[in-house]
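Read through the structure below, which is laid out as C-alpha cells, and then see the notes.
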Amino acid sequence: VKFKSPPVNSLSLDFLTELSIGLEKLENNRGCRAVIFTSAIPKIFSAGLDITEMCGKSTEHYAEFWRAVQNIWLRLYGSNMVTVAAINGSSPAGSCLLALSCDYRIMADNPKFVIGLNESQLGIVAPFWFKDTFVNVVGHRIAERSLQLGSLHSAPEALQLGIVDELVPEEKLQDKAAAVVAQWLALPDHARQITKSMMRKSVLDRLLTHQEEDVQNFVGFISKESIQKSLRMYMEMLKKRKG
Amino acid sequence: VKFKSPPVNSLSLDFLTELSIGLEKLENNRGCRAVIFTSAIPKIFSAGLDITEMCGKSTEHYAEFWRAVQNIWLRLYGSNMVTVAAINGSSPAGSCLLALSCDYRIMADNPKFVIGLNESQLGIVAPFWFKDTFVNVVGHRIAERSLQLGSLHSAPEALQLGIVDELVPEEKLQDKAAAVVAQWLALPDHARQITKSMMRKSVLDRLLTHQEEDVQNFVGFISKESIQKSLRMYMEMLKKRKG
Amino acid sequence: VKFKSPPVNSLSLDFLTELSIGLEKLENNRGCRAVIFTSAIPKIFSAGLDITEMCGKSTEHYAEFWRAVQNIWLRLYGSNMVTVAAINGSSPAGSCLLALSCDYRIMADNPKFVIGLNESQLGIVAPFWFKDTFVNVVGHRIAERSLQLGSLHSAPEALQLGIVDELVPEEKLQDKAAAVVAQWLALPDHARQITKSMMRKSVLDRLLTHQEEDVQNFVGFISKESIQKSLRMYMEMLKKRKG
C-alpha cells in the first residue's frame, strides 16, 4: 500500500475511508497474506490525522471522523496479515499510530526524519488506545515521557527507544521490507495469527468495549473553544512555515 | 522543595505530614506549575521511611503512619504539577519511592550514591503500590529481581536500569533540574496533565480501592514480633556503624 | 536438579510427573531453600515438551499430559525456593518455559546454544501462560516478535534481549549458579518469598482460574488433523536430520 495523497498524506476522512475499504478487501483476499505500508511522497510517511477535519466542523462530522480513525486502527492492529511499515519519511501523531500498529517497523536511516505521538504539542491528547499501542511497543516509562512531552524522535533515537525495529538506507528500504515479509510468511499462518491475536486481544477489546464512549469523549474534547483555538493557531503556524 | 530534616531526612510522621500539607498548598496554587525535590543535607537525598515510627509503637500509631505514607504517594504520583527529583545523595526505600513517583529523575553522577527499594534487606516488604510504581518505571523483570534482592544500585547502574533518567555532575544538578522543568512546562498544561493522568490512573486507583485493606495489612505485618525483632536488629546495626 | 533423560531430556509425561513429585518434596523440605536446574546431557538443556505425547494419542492422554505441563509450571513459577536455571545447552519451547519460570537464568557462553519459545515454527501455539511468563521477563514487544516468529535466539542474543540474565563460560556455569543461589539466600526468606509472590500472583492466578478451559483448548487444538499432520512432518524432519 503506497500512501499518495498530496501534499503530505494527511489522514483525512476520505483517505481513511478509502484505506479502510482497501484493507478490508486485502484482509478478505485469501491470496493476500501481507501488506507493506510506505509513502509515494518524498520526506513524509504521512502527516497524521488531518487537522482540518477536527476544526470548525459539526459535532456529527467529528464523530464520523473519529469512528473512521478507530476503524482503521481496529482493522490494522487486529489484522491477520503480516503488516510492515516501511517508513520513508517523517511520521507524526496518527501516522505514527499506523506504524506502531504494524508487526514490524523499518525506517529510512535519515536523522531528519522524525516519528512520535506528538499530540500534546498541539494541545490535544492521544486517546487511551494510542497509548496502549505505544506502551505495547516501548514499555510504560518511555511512553509516559514521550507522550507527555509530545516528542518527535529522530530515526536514530526512535531505534534506540524501540519505536522502530531497524534503520536502513532509504534506497534499500523497500527491499528490506520485502525480505522481512518473506521471513514472517515462512511461519505457518494459523500459528502466527493465533499468537498475534493473543498478544493484542486485550488492547483491541478495550477499545471495542468503550468505542462509543471514546467517540463522545473525543467530540466533547475537540468541540471545546479552547481546543479549537489551539488547533487554529497550530494551522496558522503551519501555513506561515510553508509561506 | 528542599528536604531538610537532619541528620538524614528520615520520612517521619511529622516530616510526611508537613510535606503533604506543603504539596497540597502548591497543588492548589495555580501560580505553581512545577516542583523540584532535592536535599539540603550532603550525601543523602532521604534515608526513607523512619524506622522508629515502625518499631515499638501502638497499632494506632502504625496505622496513622502508614496513612501518611499512602497520602504522600497519592498526592505525588497523581500530581498535576511537573515533578522532578534532583537526587543529590543516596535514596533508599521510601526515599526511592518519592523519586520514582516524579515525572523525571536526575541523579548526581557519583558512584557512592545509591538508590533502590531495599525493603527486603530489612526483612520487610515493599507493598503492591511501591511495586506498581517501580514496574511502571523499569518494567517487570528488573523490578522483580531488584525487589527480591533488595538491591541498592549505584548511580551509574541506576541509569543503566532506567531507575533514573540521567546523571549529571553534582554541581550542575540544580541547573539541569530547572532546565528539565522549563522543557516540560513548555507543553500546554491541560494536554500534559490529561496524558499523565491517563498513564497513572490505573495504578493510583488500585491503592484507592484497597487503601484501608493496605493499612490493615501493614499494621498486621509490622506488629509481628519477628518483624519487630528484625527492625530492632537493623537499628542496632545502624547505631554501631555510626559509633 | 540434573535433568537426565537421554537422548535429549524431552519433557515426557513420565519425566514431568517425576519432576513434579521431586519439586513437591523439595518444596516441603524446610531444609531445602534453593534449587539449581541443569542438564547432565551435553549440548542440550532440554528439548522441550515431548512431541510423541502430543501425536497419535487419545484425547484423554492429551488432557493428562497438558495437566502435567500446567502443574510443573504452577509449581515452579510459584515456588517459594530460590530457583536458578544453569542452562548448559539449547533450550527450546517447553524447556525455555522452565528456564523463564526460574528466578535467575545463567547460560553457557556458546553461540551454538539457542533458547526461545519456538512453538509457532512447529505450527503450534504457546498458550497464554507461556506468553505471560515471557512478557514478564522480556516485555511485550520482544515477546510479540519472538513468539510470532518462533525465534530461537543464540546465547549472546538471548542475553541482549533479556531472556537470560548472564552468560558465563560453560566450565564456570555451576560455580556461578551456586554463587547466585548464595546471594539470593542471603535475604530473609519471608521477605523474598512475599515479594516473589506479589510479582507473580496475577499471572499464576490467571491460569488457576482458566485451568480446565486451557486443557480443553489444548486438547481441541492438538486433536485437529491439520495440527497432527504438522507434528508428524516435524518429527519426520527430526528423524532425517539424525539419520
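The chains carry the letters A, B and C, assigned in the order they are written, with residues numbered from 1 in each.
Convention: a contact is a pair of C-beta atoms (placed from the backbone, for glycine too) under 8 Å apart; a residue touches a chain by one contact, two chains touch by 3 or more.
For reference, the UniProt names are A, B, C = Enoyl-CoA delta isomerase 1, mitochondrial.
No experiment lies behind these values; they were computed from the predicted model shown.
A turn of 120° superposes the CA atoms of chain B on those of chain C, with the angle given to the nearest 5. Taking shared numbers over all numbers used, the chain A to chain C interface scores under half, which places it in the different class. Centre-to-centre, using mean CA coordinates, chain A is 36 Å away from chain C.
In chain A, the positions touching at least two other chains are 139. Chain C contributes residues 119-126, 128, 131, 139-141, 143-145, 147-150, 226, 230 to its touches with chain A in the complex. Residues 103-104, 135-139, 162, 165, 183-184, 187-188, 190-192, 194-196, 198-200 of chain A touch chain C in their complex.
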